[in-house]
Structures are given as structure tokens and as C-alpha cells.
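Listed after this line are the structures, all set down as C-alpha cells.
Both of the next two complexes hold chain A, though its partner changes from chain B to chain C.
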Partner chain A sequence: MAQLIYYLQFPFVRYAIIVGVAVALCSSLLGVTLVLKRFSFIGDGLSHVAFGAIAIASVLNISNNMLLVLPITIISAILLLRTGQNTKIKGDAAIAMISVGALAFGYLIMNIFSASSNLSGDVCTTLFGSTSILTLKPLDVWLSVGLSVVVIALFILFYNKIFAVTFDENFMKATGSRAQAYNLLIAVIIAVIIVLAMNLVGSLLISALVIFPALSAMRLFRSFKSVTIFSAVFSVVCALLGIVISILAGTPVGSTIVAADVVAFGICSLIGLILKRQ
Partner chain B sequence: MSFIEANNLSVGYEGEAVAENICFAIGRGDYLCIVGENGSGKTTLMKTLLRLQKPLSGEIRYGEEGQIKEIGYLPQQTVVQKDFPASVKEIVISGFQKKCGLRPFYNKEEKHLAEVNMERMGISELQNRCYRDLSGGQQQRVLLARALCAAGDILLLDEPVSGLDPKVTADMYDLIEGLNKEGITIIMVSHDIGAAIRYASHILHIGETVFFGTKEEYLESPEGKYFLEKMTHGDGDVVSFL
Partner chain C sequence: MKKSTCLVFLAGSTFLLLLSGCTKGGQKLNTNTAPGVNEVLEARIAEEEQKAADNSESETSEEEFTPTLPEYEPRQSGLNENAPEPEEADSEVVLSTTEGIDVDLTILSSTMVYSQVYDMISRPEDYEGKIIRMQGTVGSYQDNLTGNKYYGCIIRDATQCCAQGIEFVLADGQNYPADEEEITLTGEFGTYMEDGFLYCTLKEAKLEE
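After this line comes the complex of A and B, so read on.
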């Protein structure tokens, strides 16, 4: 405990905690929608796209790579949702294609053009997040917090509409609501979340941040509202635990958070089973 | 000017027509029943009317364009994924989505009307239950309550009484009749030919041959006579329906 308080004196630790909580909160919000629309892997796909974009940004030597990564990821998200509705290429297959393609090209570009002496270290950082969250500058923190606030505000404002398109898109369309527009909004929000979460857990582990809170909540709760609220709490608690443990034990931040998510998911499943038995 | 008019309409999937040469015209406040055998394309026609899919050929004209704003719809099948966490209340009130427009939250009146519609369908006690845990008939009533929330001008129902018990079925027909009297246009797909003849003002029969007309005309038509005969197992006692 004393050790923790000691660490909290450092601004970079405080930054990590602020960003960690904000990102965890955001990423849990759309989890239910993604899982239920069978888009759980969209997170994966987009994060690989973001990885490719980061590779390009680092080759081009762009200092703040979010400026490049965010638009590319948003556009890919929109394209993915579009093709997802196309009957010729099914959503899952489209996502797999784009994600693997981006991953391969990203690595290729880094390999060919990178001037860095520690290439595998760079790649590892981008894939697993590793220490980058502990090296955040105030600008990054403000950017992350700002985007998180926007995401949360949009989610609250469009909560009822997101529920309706998730539950029954055809009904929305039939009754004349703009289901397509809301799908688009969901895609954009997801893209922003992915880019935010890249900082925290790296591109390989993002899906975990999106899916585990939703799946855990669905084991315990039966209404959309309660599931959403519980996912948010679940995600924030796990992120806090993960960050604190990683600071104290010196483990990598991203994987520690995801490990916390997995353990908590196990606990929720167990409680769910017990409740069902009774 | 008619409310909804179809001219030489063909509906189907990927270029393959399942029903062709459909012509009908209904006015505001009419009660149209669509009848026909399984697979004759009734659901496909409904989806085309709702613009969920494009007609293969022909056209649909929504006469008073812009006046059909509040559409209630009961799908024949709703594929809801396993484990979807949604309470009855959340689903019913989502029927107001169109009326909400860009307004983010439901207002008092909508919340109240959602309660009223749940009451009408006898599902008030279930309102906090999870949709997935309900029986088929209960689920049907939830979706009906949602359709009622959405309906302001027109209500399209694809086999609304399938899976309902006799009492709820009777209540359902009374309820639809009441809504129709309030001026809401009804389009209903039904295999319950008796009810179709009792309540509807117009009948559209699709299949090998297409018939459209008022129910009196239907009873005189060859399609009507043939279909009725089959439905009533040959005793042909049409009068008892009326």
C-alpha cells in the first residue's frame, strides 16, 4: 500500500491510471452491441488496421500518429460495416481478410523502411501495448480523455437507438428510422475506441477489453441497461486492478489488465451458474 | 387517391419471383387481409411493402406521400440472438423510436403509452423479465405491444395470432378492430380465413392466381370459393363465419 502511494506521486503513473480508466469505460460500452451483432471480431480487425496505420505513421515519421491512425481506422470501420451487410462477402470473412492483410502489410512496411535498431521491440510494443501507457505525455492524456468523454456522451445520447438497432434492425428500418445512420455511428464510435485502446493494451488485446466485460455482464444480468452498467463497472475495476498490479509487480500493463478481465469473467460465470442452479 | 397502391408488382429474391402480377389499392382506414398458402409469398410482399427489399418489377405507390409516417410492424419471425439481454419493457418502448426522431430519451407520454400497450397485451407482469426466457406466445405479445407503440397511421401484421391462445387471439382481433375504427389502416397476413372474412374490408389472395377486392367480392370469386372450401374442409358453411 505504501509502495502504491509512493508510485502515485509520479505524474506518469497518475496519467496511466486516468487514461486506463477512461479507455476501459469506453471500450466496455459498445461490447454488448458488438457481441450481439456478431461483430466481436471487428475489434480485432480494426486494431490490425490501426497497427498497419501506425506502421505507416512511424515510417513517415509523423510525431502524433493518432492524426493518421484515427481517420484510417474510422474509414475501415465504415467499410467493414458496409461489407458486413453485403451478402457476397460475409461480415466475418471480410473482417478476417482486412485484419490479416493490414497486419501483414504493417509488419512488411516496418521491416522494409524502419530505421529503428530495435524492430521486434517496436512491433511488440504496438501489438501488446507494453510500456507505452507509462510514457504518456500530457497532450496524449488530454486527447485520450477528451475522446473518451465524446464517446461516452454519444453513447448516452444514442443509447436508446443503439439498443433498438442491436435488438432488431429490420424493425427499425421497416418503421422508417434511419437504422443505417445509427450503424454508421456505431462504426465510428468503435473505431475511436479501438484507437484509444491501442495505447492501453496494444492491438492484439483490444478485443478482450471490448468482449470480456459484455460477456461477463451477460452471465449475470438480463436487461440491456443492467448489462451495460455492469460492463462499465466491471471494465473499470479490472483496468484499475490490472494497472496497480502491473506497477507493483512490474508486469506488462496490457496483458495484466486482460488477465484481470479473464479472471473476473471466470468469477462472473461461476456466480451465474450458481444463481441458475437455485 | 389511394393510400397504398401496387401495380403489376412482382416480389421475390435475387431475381426469382415468388409472387407476380399483384395489383391492389387501399385507402386510409381500410383493413386489408392477405391470404394464401404457405410459401405463396405473403411475407415477401409485406417486406417489399415496408421497403425492406426492392420489388422485382412493377411499382408501389404510397399515395399521400409523406403521410405514412408512423408504421407499426409485427414480423413473422424475429431472429433474436441467444442470450440477448433485453427486458420486455425495453423492447416494447423501443417501438417509439421513430416518433423520437433525434430526441435521445423517451418522454413521459411514451412511457405511459408503453405501459398501456403492455396492459392491452396482458404482459404487464412480465415487463422486467428477459425476452429470451418467455414462451413463444408471450414473445409474440411483446412484439405486438411494440408494434402498437409504433403504429400511428398503419399497422402491418404478419400472422399476428399464430402461437396465441384462443382468449388472447379473440382479444387481439378486437383490439385490431378497435384500432382500425380509430382510423389506423391495417394490413394483416393471416391463415385464419374466418377472421379475415369477419373483420377485413378488403382481401388480397396471392398464389397461382391473384385476387383483390372487397370481402363480398372475394366470397363470390373462384379463388375465394375454392380457398374457403378447402379451409372449411368442404362443408362450405361460409355463413357461419359472418
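After this line comes the complex of A and C, so read on.
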């Protein structure tokens, strides 16, 4: 405990905790919708798109790569969510195609054009988060917190609409609501969350932040509201636990957070099983 | 210039950048801030031609060479005028429980050490003059063109894919350890300019047994 208090003196540790909690909260809120809409894997696909965009940004020497990464990821999210159901290439195949394509081109661009002295380190950092979350600048923190507040505000504001579009899109259309517009809103929010979460766990582990809290909550609760609230609490606790363990034990931050998610999921499944038998 | 010479020079420059990793204005380490290869090579060629013309110095062998550091010039001298002034709170960096040491990296976990070193080379102005204690492996690089030899204390992150280091110059009377040797040293954090780049170093460093 004394060591933890000592580590909290370091500004970058405080920044990591603030951003970690904000990102975990956002990702869990939308996670429930994504899991129920059978889009669990979209986080993975979009994160690989973001990886490709980061590669382009680093080659172009753009100091704040979020200016390029965010728009590209948002466009990809819109394309995946809107066209996935109406084209010859269906949702899962489209996600897989964009995912591996972006990953391959991203690495190719980094290899051919990047003059970085530490290419393997750059790739490793982007894929696994490495210690990115512990190397944030105050501006990154403000940007992450600001975007997180916007995401949470939008979720609360459009909670009923998101609920409707999640469970019965056709009914929503029949009642005259603009289901496509809300799907678009969800796509934009997902893209923002993915870009934010890349700092926390890296592009390969982002899906864990989206699916584990939702799936764990579904083991214990049945209503949309209670599942959403529990997954938010679950995600924040696991992210905090992961960050604290990683700085105390010297383990990689991203994989420690995901490991905490997996263990907590196992506990929730066990509790769910016991409750079901009673 | 021969292709092999170019390659050796490029490898050397890359190692030097990796060794210190300081960038002007506190930019991120992984961001490419290096000038064009041709510009660097041309500058080096011109420098060497000038030296050859003067014919002033003979070649120095690796064994005999005593590492020298370009004259230390603090930020106020105008070398880094564009760098933002450090905030008052940040300028009082004391992150150590050991007396006489401002930042003790040896008591931190590997994740923390990596992040702290990253912070130091991203914002060197906040750590100028601070006494740093660190532990890591020795890495060295000799610039064949200038004859200068540089030593660094290298640390790795928890994923083992990224490494960062801080250059050090030992106080007089101490022998430099061999590459890959595990060391613990204490020195004063400082910066200097060389070939248009800002480098970080631990001056007057002392090795611990």
C-alpha cells in the first residue's frame, strides 16, 4: 500500500488512472449494445483500422495522430455498421476483411516508409499498448477525458433510442424513428471509444474491453439497464485493478487489464451458475 | 562515400538516437524527428573533409579513448529557446526516498522505470540538475567519424519489446564497464546539443559496487 501511495506521486500514474477509468467506462456502456447486436468483433476490426491510420500518421510525421486516426476510424465504423447488412459481403466477413487488410497495410507502410529508430517498439506499442497509458501528456488526458464525457453524455441522452435500436431495429423503423441515424450515432461513438482505448490496451486487446464487461453482466442480470450499470462498474474496477497490478508488479498494462477482465468473467460465470441452481 | 561506410554510419546514428531519445520540444520518442539522411551525410562529409584538411588530430584507438562530452550548456544559453518553460510544480521533481537522490529509479517496478525514463527524456528541462540513480545494462557506441564513444544505461519495458536508455559519463578515475554488464549508477541529469539534436546524459556518474 505504501508503494502504491508512493507511485501515485508520479503525474503519469495519475494520468493513466484517470484515462483508464474514463475509457473503461465508455467501452463498457457501448459493449452491451454491440454484444446484443452481434457486433462483438467490430472493436477488433476498427482497432486494426486505427493501427493502419496511426502508421500513416507516423509516416506523415503528424504530431497529434488523433487528428487523422479519429476520422478514418469513424468512416470505417459507419461503413461497417451501415453497409454490413445490405451488401454482398456480410457483416462478419466485412469486419474480417477490413481488419486484416488495415493491419497488413499499416505494418507495410511502417516498414517501408518509417525512419523510426525503433520500428519493432513502435509496432509493439500500438498492438499491445505497452506502456502508452503511462506516457500520456496532460493534453492527451484532457482530450481523452473530454471525449469520454461526450460519449457518456450521448449515451445517457439517447439511452431509450439506443435501447430500441439494439433490440428491435425493424420495430423502431415501423414507429417512424430514424433507426439509421441512431446506428450512425452508435458507429461514431464506437470509433471514438476504439481510438481512446488504443492507448490503454493496444489494438489487439481492445475487444476485451468491449465484450467482457457485457458478457459478465449478462451472467448475473437480465434487464438492459442493470446489465449496463453492472458492466460499467465491472469495467472500471477491472481497469483500475489491472493498472494498479501492472505498476506494482511490473507487468504490461494492457494484458494485465484484460487478464483481470477474464478472471472477473470467470467469477461472474460461477456466481451466475450458483444463482441459477438455487 | 562507400555504401558500407554509409550503412555503418546509419547504424551508429540509429543507436545514438535510441540511446538518448531526447527530442526538441518534448516530442514523443517514437515520432520521427530526424533530418533527412542525405542532409546528415552531407554535413558529416563536410565535417570530415574539414578535419582532413586541417590535419590536426591523429586517430584515437578504442582502448586509449577517454569519452568526452560536448561542453554542457544549460537551456538558458539559448540552445533550446523554443522549449516551453517548465511549470513551477514540475520543476521541483523529487521522486525518491533516498537522501541526496532526486529520482531513484532502482526502487521502481519495470513498468514504472520505463515510464519514468520516458518522462525524463520527453521533458528533460524539468529534470536538469537532478540527481538520478538508475540500474540497467550497459550499451556503448563509438562514432567512427568523430572518435567519440558513448555509454548508456539501458532499461527495457515490461513487454520486453521497447528499450530506453540514458547516456552517462563517469566521474574521473572510474573505468567504464563492458557492454551488457548490469550496473547501478548515480549522476546528475543534464542535456547537451550535438549535430542539432538535444541529448540527455548523466554527468559525473558514479558506479556502485
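Rule of thumb we're sticking to: the second predicted complex is superposed on the first by the 277 of 278 C-alpha atoms of A that agree within 3 Å, B and C clash if a C-alpha of one lies under 4 Å from a C-alpha of the other, contacts with A are read in each partner's own complex, and residues count from 1 in each chain.
We take it that a residue touches a chain if its C-beta (ideal position, glycine included) is under 8 Å from a C-beta of that chain, and two chains touch if they have at least 3 such contacts.
All of these numbers come straight from a predicted model, not from anything done at the bench.
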Determine, for the superposed arrangement built on chain A, whether chain B and chain C clash or fit.
fit
After the two structures are overlaid on chain A, angle v-u-w for chain B, chain A, chain C in degrees (C-alpha centres, nearest 10):
170
State whether A:Thr175 touches chain B only (first), chain C only (second), both chains, or neither.
first
Quick check for you: in the superposed arrangement, does A:Gln278 touch first (chain B), second (chain C), both or neither?
neither
Which of chain B and chain C A:Phe167 touches, first, second, both or neither
first
Which superposed partner A:Asn61 touches (first chain B, second chain C, both, neither)
second
Just checking: does A:Lys225 make contact with chain B only, chain C only, both, or neither of them? Give me first, second, both or neither.
first
Identify the partner contact of A:Tyr7: answer first if only chain B is touched, second if only chain C is, both if each is, neither if none is.
second
Per-pair minimum CA distance [chain C against chain B, superposed on A] in Å
37
Shared contact residues on chain A for chain B and chain C?
none
As the complex stands, chain A meets chain B at residues 32, 36, 38, 156-161, 163-164, 167-168, 170-177, 217-218, 221-227
In the complex, the residues of chain C that touch chain A are 14-15, 17-18, 26-34, 37, 90, 95, 97, 108-112, 114-116, 118-119, 122, 157-159, 161-163
In the complex with chain A, residue positions of chain B that touch it:
47, 50-52, 69-73, 75, 78, 80-81, 83-87, 89-91, 94-95, 97-98, 100, 104-106, 128-130, 132-133, 146, 150, 156
Which of the residues in chain A end up touching chain C in this complex?
6-7, 9-13, 58, 61, 63, 114-118, 120-122, 124-125, 128, 130-131, 134-135, 137, 246-253
